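Same chain, two partners: chain A is paired with chain B first, then with chain C.
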Partner chain A sequence: MAQTVLQLIIGGLAMGFIYALVSIEYTIIWNASGLLNFSHERLILLGAYLFGAQFVVRNGISNPIAVVLMLICTFFIGVLISYVLMRPLRNLPLVFSVTGTIMLGRIITEGVRLIWGNNPIPLVGWLEGTIKAGELVINRTYIIIIIVAAVLVAALQIFLNKTKVGTAMRCVSQNKKAAAFMGIDVDRSSAITMGISAVICGIIGILIIPLFQLKGDMTGMIGIKGFAAGVVGGFGYIPGGIVGGILIGVLESLSTLVVPGIYKDIVSFILLIVFLLVRPSGILGHKA
Partner chain B sequence: MLKVENIDVYYGKVQALYDVCFEVGENEIVSIIGSNGAGKSTLMKTIMGVNKPAKGTIEFNGEQIGSVKTNLIVGKRLVYIPEGREVFPKMSVKDNLVMGAYSRKYSSAEMNRKLEEMFEIYPRLKERQSQLAGSMSGGEQQMLAIARGLMSEPKMVMYDEPSLGLSPLIVDEMFETIVKVKQTMKIPVVIVEQNAFMAMSISDRTYILENGHMKGSGASKELMDSPEIKKAYLGG
Partner chain C sequence: MSDKYKKILMVLIPLMIAIAMPLIVTDNYFRGIFIMTLIYIIVVLGLNFITGLTGQMNLGTAGIFAMGSYTTALLSTKLGISPWLTIIGSIIMGLIIGVGLGYPSLRVQGVYLALTTIGFGEIVRILISNFKFTNGIMGIRDIPAFTIGSFSFDDKLARYYLYLVFVVIMGVVAYRITNSKWGRLFKAIRDNYEAVQAVGVDIAKPKVLAFTLAAIYGCVAGSLYAVHMEFITPSVYTFDLSTTFIVMMMLGGIGSVPGCILGAVVCTILPELLRDFGNWYWIIFSILVLLVILFRPNGIISFLKTRKKSVKEGVK
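The block that comes next holds the complex of A and B.
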């Protein structure tokens, strides 16, 4: 029993970190542009396909180099989206940007289908395997997800707080008008933000390949769950997303002890609704 | 130093400035007065590249800047202290000041020297340097906004309604320091104000902007004595 619980917690932690990353990605875009990006699940998909379907399977490139190529591609795709889509939409009512990013999502989905086909693409051996710790057998994927996500979160905090580009991004998020009067190129800063956000999507994409396979619906509900993570932890605030994501991931995983596994997706929605009703500012109580 | 010639500015289809001319010399304080909605901030933001003039030219320090992006204009060391302070609320006072020098490449020694200079002008900022800017009073935020602007050693500085929403006592102090800073830095200064009396008493020349039109300009002293100006802007 204790072992099962421990395994569930580790699996939950891993999913929790994925939700946390999604939430962080929502947050930095929201802060940088005041826009909600509803295409990011598709960017996750695109990152996974670029890496797996294109670079590894079609081009036969080795995994590490394929990862690097994918990161470079997603960064520039993000930058492109910022200049072509987000910047013109920024000055329009929110409904236009929401529609715009949803349409972008559809374009990517159909594009992926067109280029790489409808069928799941097997990617043998990628991040798979198990790790034994005494009696405990742990899925290697979970451990890798936890390590990569934790490193990424830490790196992002250092980047935002200690580098000049990151500081400029924080300024833009707090006051766009004033940021420009400091000499910050707001368009460029927003584009870098979008690029980083797309890179995070790509990383999420390759991390979840072993869990959900390389297929059109691989992202499942992680978009909405990442959003829920933000609300539960405290929206618009990076530590909030981390706390919310981990809480949702672990609770969802542990819920399978008491209810059948197919109901576990409900956990995040119950938490989302409860927090919206009872504590809309989230666990960390940060005012957005 | 700055020469604005015959500019028209629109917000969408609505015209906000009509054929406006405006000039600032090498070492003077110039004020722009006019009621709320006259177009004062629009003129400032157009000079700063936020709005683009549909017609006319803007020249700063011998260069045309009418179609240059805001961040690059700041790079030419023309600094605008915006209306309503616009500090970075979730950053400390010190970090706000450091951001003011974003366009410069100071070494950390230069940065510290610059910070000390600002703390000398506004000792309150030194006491509050690790406090979040958003949690300070209006007067303190205005001081911060000014000091932040001065961090980059501007070649010219433009203040947009620095007295807005401040108590009379603080307003006096604010204008005193603006004059003092001008004298030590020896740079031209533009002050945009609804508080016409204050702005005119510290400036060399004054422009009057109404409904997007420049209604007149002249030496501040003379204008302050003119009965028309007294009646319209100085309350009798």
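The block that comes next holds the complex of A and C.
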């Protein structure tokens, strides 16, 4: 029993870190431009396909170089999206900006389908395997996800707080007009934010390949659950998203002990609605 | 006088086309598409109240649609109630959802509301695909057709005209509400809710009202869909369906009843006409919609309005 619980907690932690990364990735865009990026799921898909389907399978590039190439590509795709789409959408009412990003998501999905086809693409040996610790058998993917996510979160904090570009990004998220007066190029800063967000999406994409395979619907409900994570922890606040994501991941995983596994997906949505109604500022109580 | 004449023509010509269409195109498959168009028109007209007029993003329309479908399907197959009466059942269901979703909407705004409605839609989808009494992912079969005496509307042509009657009634109601005191209040809340509050108008009630109208329209359309398909499964009612409804409204013309009708027609029939493009169809269509959102936020209906008229409307 204790072993099952421990395994569930580790699996839940790994998914929780994925949700945490998702919530960070859209929170930095939300802070920088006030837009909620509903196409983030598709950016995750795009990153996974660029890495797996294009670089590894088609071009036969070795894994580490393929990862680097994918990260560079997604960064520039993010910058392009920022200049072409996010900048005009910023000045439109919410209904339009939400629909705009949803349509962007559909365009990416269709593009992926046209370029790499409908069928799942097998990617043998990528991050697979198990680790044995005494009686405990752990999926190697989970461990890698937890380590990569933790490193990424730390690196992002250092980037935002210690570098000039990061400080400019935080300044833009606090007050656009003041940032512009201080000589910060708001458009450029937003573009870099979007690029970083796309890079995080790409990393999430390659991390979830072993869990869900490389196929058109691999992202499943990760995007929406990432939104739930943000709300549970505190919307628009990066530490909140991390706490919310881990909480949702672990609770979701542990819920299979109490209710049938098919109801697992409902946990995050119930948490989402309960928190919006009872405590909209989230667990950490940060005022957005 | 000529203005009024023009207005009558604007209503009569589309109605004539709608009546003539299934007689010109006798293919049964296309008649099915026309029926789907009518169903979607009703959903989009409902969505227009809450998202188009009141400006509250609703991304859970698929959930509302599903509740209507399953109300009719369960009542008519398990309890043997006439499909006509199940429509009343689904109106009641709409009222329940409207009040249930509307009151939370008083507490949350903007993106938060969009997220709440996504949550609602997903919860409904997961529950209907797992509950035993909804038969899980297998769905519900053999939903009976509408009948009057011994005449049954199981023929596509007869059903089309029956549904057209529904659309005309609900369209007229939607048009009247849009141009009434309620409609103006909805628009005022969208444009500046602080100003509405400042002049002493309660914004809570109209929001719930708009939600309830949207839910009733969505549920009735769901009922009509269930009866039309005779067989429903949970796999239809996805988040993608909710966004499709939003796209229909945006493409046609947000906030305008003729625009919503036009959008639903274009979004349902165009895919069939563009079948030749094959795989390229969806990507072309998505880019077109994106361009419309960016450069023509009022949708394709705004191409039809003359400049003079739009100025006049602004003065009104």
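One rule holds for everything that comes next: the second predicted complex is superposed on the first by the 288 of 288 C-alpha atoms of A that agree within 3 Å, B and C clash if a C-alpha of one lies under 4 Å from a C-alpha of the other, contacts with A are read in each partner's own complex, and residues count from 1 in each chain.
In this text, a contact is a pair of C-beta atoms (placed from the backbone, for glycine too) under 8 Å apart; a residue touches a chain by one contact, two chains touch by 3 or more.
Please read all numbers here as calculations on a predicted model, not as lab measurements.
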Inset, instruction - Go through the superposed model and pick first if A:V98 touches only chain B, second if only chain C, both, or neither. - result: second
Inset, instruction - Examine A:I224 and indicate which partner it touches, taking first as chain B and second as chain C; both and neither are also allowed. - result: second
Inset, instruction - Using the touch definition from the top, say if A:R170 reaches chain B (first), chain C (second), both or neither. - result: first
Inset, instruction - Give one of first, second, both or neither to describe whether A:I184 is in contact with chain B, with chain C, with both, or with none. - result: first
Inset, instruction - Look at A:L254 in the shared chain and tell me whether it touches chain B only, chain C only, both, or neither; answer first, second, both or neither. - result: neither
Legend entry - Which partner, chain B or chain C, touches more chain A residues: C
Inset, instruction - Scan A:I144 for contacts with chain B and chain C and give back first, second, both or neither. - result: neither
Legend entry - chain A residues within the chain C interface of the complex: 36, 85, 88-89, 92-96, 98-100, 102-104, 106-107, 110-111, 113-114, 221, 224, 227-228, 231, 235, 260, 262-263, 265-266, 269-270, 272-273, 276-277, 280
Legend entry - Residues of chain B defined as touching chain A within the complex: 48, 50, 69-71, 74-75, 79-80, 82, 86-91, 95, 99-100, 102-103, 148-149, 152
Legend entry - Contact footprint of chain A on chain C as seen in their complex: 51, 55, 57, 59, 104, 107-108, 110-112, 114-116, 118-120, 122-123, 126-127, 130, 239, 243, 246-247, 250, 254, 279-280, 282-283, 286-287, 289-290, 293-294, 297
Legend entry - Complex contacts: residues of chain A adjacent to chain B: 164, 167-168, 170-171, 174-175, 177-178, 180-186
